[in-house]
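The structures considered in this document are given below.
First chain A sits with chain B, and in the next complex the same chain sits with chain C.
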Partner chain A sequence: MEEQVQKQSWWPKLVKVVSDHPLVFIILFFFIIPFIMPYKALATQIIIWGLFALGYNVCLGYTGMLSFGHAAYFGVGSYTTGIVLIRLWPNIWFGIFCGMLMGAITAFVLGYLCIKRRGIYFAMLTMAFAQLIYFLAFQWVDLTGGDNGLRNIPATPVTLFGYDLHIYEPLRFYFFVLFFVILSLLALNRILESPFGQVLQAVRENEPRAKSCGYETTNVRWLAFVISGSISGLAGGLHAIYLHFVGIDSLYWTTSGQVVMMTLLGGMGSFIGPFIGAGIFLYLEDMLSALTSNWMIFLGVIFVLCVLFFPAGVWGTIKNLSTRKKD
Partner chain B sequence: MEALLKTINLTKNFGGLSAVSNVSFSIRKGDLQTIIGPNGAGKSTFFKLITGEIKPSSGQVLFLDQDITSLPQTKVSHLGIAVAYQITNIFPMLTVLENVRVAAQSRKTTFNLWSKALNHKALAEESLAILELIGLADFQGDTAANLSHGDRKRLEIGIALATKPKLLLLDEPTAGLSPHETRQTIELIKKIAEGLTIVLVEHKMKVVMEVSNTITVLHYGKLLAQGTPDDIRNNEEVRRVYLGGVKC
Partner chain C sequence: MEWTAIVMQLFTGLSLGMLYVLLALGLSIIFGLLTVVNFAHGAMYMWGAYAGVATVAITGNFWLALLVAPLVVGGYGLLVERTLIRPLYGRDINYPLLLTFGLQFIMIEIIRIFWGTSDYPFQAPEALSMPLEIFGIFYFPAYRVFVIGLTVVICFVLWFFLERTNLGLIIKAGTRDSLMVKALGIDMGRIWWLVFGIGSALAGIAGVLAAPIRSVFPEMGLAMLVECFVVVVVGGMGSLKGAILSGIIMGEAIAITTLFYPQMADIVIFLVMAVVLLIRPSGLFGRAGLLE
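Let's turn to the complex of A and B:
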């Protein structure tokens, strides 16, 4: 018995340290991921989708809005970055910035139309508008390439003091993406710890009461939605550069579904959850799709089991286990 | 002196039901008035009409000589009216301190994205003072959902106080409390009444008689009687419909 207690006592402490300093550990972890994944590109994919889920989580986890239409902001970000790089100015920073901006603008406009609804009505509206954008992109072949996707996004070089950084080498590209991920994390952390972050929590916990305290909760939710859209747009832009291509499916509802799944898998309450969710999802997808062409079914089953038995998500469950009283 | 709050023929119909009908009520600055009436009399609805949470079918609400009848709830809150709800309406997964602090913050800033909330010293001090007042300072770090019923009821009052109201509406603050907790809450009400105008909805006649010198009786949405505790006690109609022979 005593031995057991001894054996167990280290990991709850570790979990506590990690959840007390999520940023430090998540950034540390980022430096390990590319070396434990089967190949570097998978690691890159994980942090891009993790970033997307992080942005999504501003909506779901921090403000309590269930959106089923986040493909719109991710996809619009992807297309914008791609189109800007192809047609306007092959400058990668500018391209990424435009993707992020268009993600925010799209969320601003669609947010205005959806935000007054709550719960399932909100979810359905966001999904409907996202599908609308999907069909627009599908039809507007001149701009988007339609069904064929947007091809040949140039690999514009990134230079520092005139020295080419060769960012398209897999490991370097990972760190290039990581740069944006860490910036987003720091910015988001700052926002969530700000007075506005407190209001977000209050709105999530009890919107009628927040309103009765005098907060314009509709505007609060709207701004949260725009922040979420901008991070999703950034993730989309990075994804376009990562693939040198934007597929029409980036705007499809399956993309919205995927980010919901990742966020729920990992756990909504933290920064770490979305990245864990993205990691598990993409790793499983990679593994299962090599084994069987029906990998979607297996992934679906795993997802359903997770939601049924670990409703707090992987990280939430780990945290709960570690704080459970040992008798 | 002029009334701080005044309602004129305030009426609210829910379908065929008149939850509040033709209620004209006024309270002067610094007063504490009580509203009594059986369940379903329309007391909570009356409060919601004042705060703008629901809009009246007809009638007016005047606050500080301004017609606030059609103002949105958030505006009314900023003018200085707060409610402590009958059904506790707190932020369950936030800590006790956060509950009060976020309410206090509503008077200062909403869209401040770039400073640290915890660095706002004045806000923290203000919130702690309120926790001291409502007797929850020792629980400041606890998750609000884990508080006992009595403590939650007092946190409810703390949240309302944190918005620095001029007029505080207390909706059955002692409902479901033990005698000891009721005592605490009466003392709290007496203390905050010193600097505040309060309308109290209360069932326990002992509490009513102790804190208030003007009582309004609502019955089926109508104003039945108004007066001092003695007036009310001796009012035949009130005895018949409400007190029902209860000794008080």
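Let's turn to the complex of A and C:
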């Protein structure tokens, strides 16, 4: 019987291998994406949004907090990186670092106001406070450019041992972004494998129980929220450099919605899911927007169907199917 | 500053607050009974406005539009509950939220396909277009007075329905403990269905009422949805009293800041929310711990 299963289906084994060693396969996959996408910039966009969704997933997938306000951390990261590069110091590493830091700080402050509430209250509060940030940025025209967005972010050169890397060429820029994505993946992997990561998942599964085991669950969730915010800020900073521009839309609550959709489409609670979700979303957007200006209706339908029939997302569904075959 | 200007602005705030009240009541009544956070509420409000635009374009009759909009949107709500929300009962409460979130984009795109993306002008009806003299001290657009009056009537009807009819009592009981109501032999499924329809119809009527005050465009519900969430959170989730009080407070807060410090007008409701939540985490009339 067991042999038969092995003969018939090779793919459940593949799925198992992939989900056991997600990092190896994601990184392998990263080296293929730019060559299978219609153009390199799309691949870059996919990994930036994938990184954002990955950060978001720390919140939703690993800790079970449905935030609808992650546009705030992404947008604040974008604006910070942009403003630092324009006004303070045109050093790309410093700019990205500041974006990440401000993402974390914003998440720290807003987290304090939201974290005590749970479930849908948390969703509505995070959304409302993110909208507050949007309106602040909208009004503060001197700093952010208001409705016009932040323009002319300089393309500062990146040098290694005095050697210009020409990172603004599409494929090189992809690998420049990939460097940060892989770093974040490794760091997150380390965090989630640590005892702290286990506590996070305990909080998701049963908070009262985690609490009675002696964990300060509120602080644990707060910290997870800050980590999530910092990765979102990093993704935002990379996005600002990628576009040389920050639009006010990046702070609007539909951006938060977009990352929720990506995470759910791909499958939450895994490393692979967010990247699959971002890939599907952006690929479809790219393909459909060439055909019709009403492309959002297709993504809306796909998302609704996904919620109704495949709540585990693409990767979760694949994994479920592969384990079901065994009996 | 002239004090009549302030009184007038208070009236403007009240008429804006009334739109919040209608929308927040719809959200709150649905949430209280079904525990569904309807993210498509803003899109339903927008559909209400477009239903009004379409009715006026065809018949030229605003009063008919006032009737058609809630019927269309309410009927649509009934359809959505039956086909899309019902399969999600019993699953995590985040799923209906996510579903309606996706649904609103479909609704926005449908409008864009048929009506395009630009603003639609929508005139207040002839009978209400002249200014009305209030207490003999200032003039105020009659249409806004009408909005305030109609909302008061709707609130009263809703109160009567919930407090004085058998169906209303079942809904109230269901909000407390729907399992118990089911055990008493009442088909809660149909009650849920009806309540979702009523909530949607309230969004529809808010949309058509808002049309002459705020412009009509496909994304009009997006910002409104967030504002309504703020109203509902401040009032206390599931509390109708809270929705009414908080809707009026927010309308006035916006109106007053518009007068004194217009740059803050978009931000003030969030600040009010932050203050209220720091003092009363479950909102003005919220039951602590409801569905957390």
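Going forward, the second predicted complex is superposed on the first by the 317 of 327 C-alpha atoms of A that agree within 3 Å, B and C clash if a C-alpha of one lies under 4 Å from a C-alpha of the other, contacts with A are read in each partner's own complex, and residues count from 1 in each chain.
One rule holds in what follows: contacts are C-beta pairs under 8 Å (C-beta built on N, C-alpha and C of every residue); 3 or more make two chains touch, one makes a residue touch a chain.
Remember, predicted model here, so these are calculated numbers, not experimental data.
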| item | value |
| --- | --- |
| Superposition on chain A - do chain B and chain C clash or fit | fit |
| Chain B, chain C and vertex chain A (Cα centres) - angle in steps of 10° | 80 |
| First, second, both or neither for A:Ser212, with chain B first and chain C second | first |
| Partner chain(s) touched by A:Tyr121 [first = chain B, second = chain C, both, neither] | second |
| Residues of chain A touched, compared between chain B and chain C (which is higher) | C |
| Chain B versus chain C as contact partner of A:Ile191, first or second or both or neither | first |
| Nearest-approach distance, in Å, of chain C Cα atoms to those of chain B in the combined model | 13 |
| Shared contact residues on chain A - chain B and chain C | none |
| Residues of chain B touching chain A in the complex | 51, 53, 73-74, 77-78, 82-83, 89-94, 98, 101-103, 105-118, 120, 159, 162-163 |
| Chain A - residues contacting chain B, complex | 190-191, 193-199, 201-202, 205-206, 208-216, 219-220, 223 |
| Residues on chain A engaged by chain C in the complex (per definition of touch) | 66, 113, 116-121, 123-125, 127-129, 131-132, 135-136, 138-139, 252-254, 257, 260-261, 264, 293-294, 296-297, 299-301, 303-304, 307-308, 311 |
| Touch list for chain C against partner chain A, complex | 37, 84, 87-88, 91, 93-95, 97-99, 101-106, 108-110, 112-113, 222, 226, 229-230, 232-233, 237, 263, 266-267, 270-271, 273-274, 277-278, 281, 291-292 |
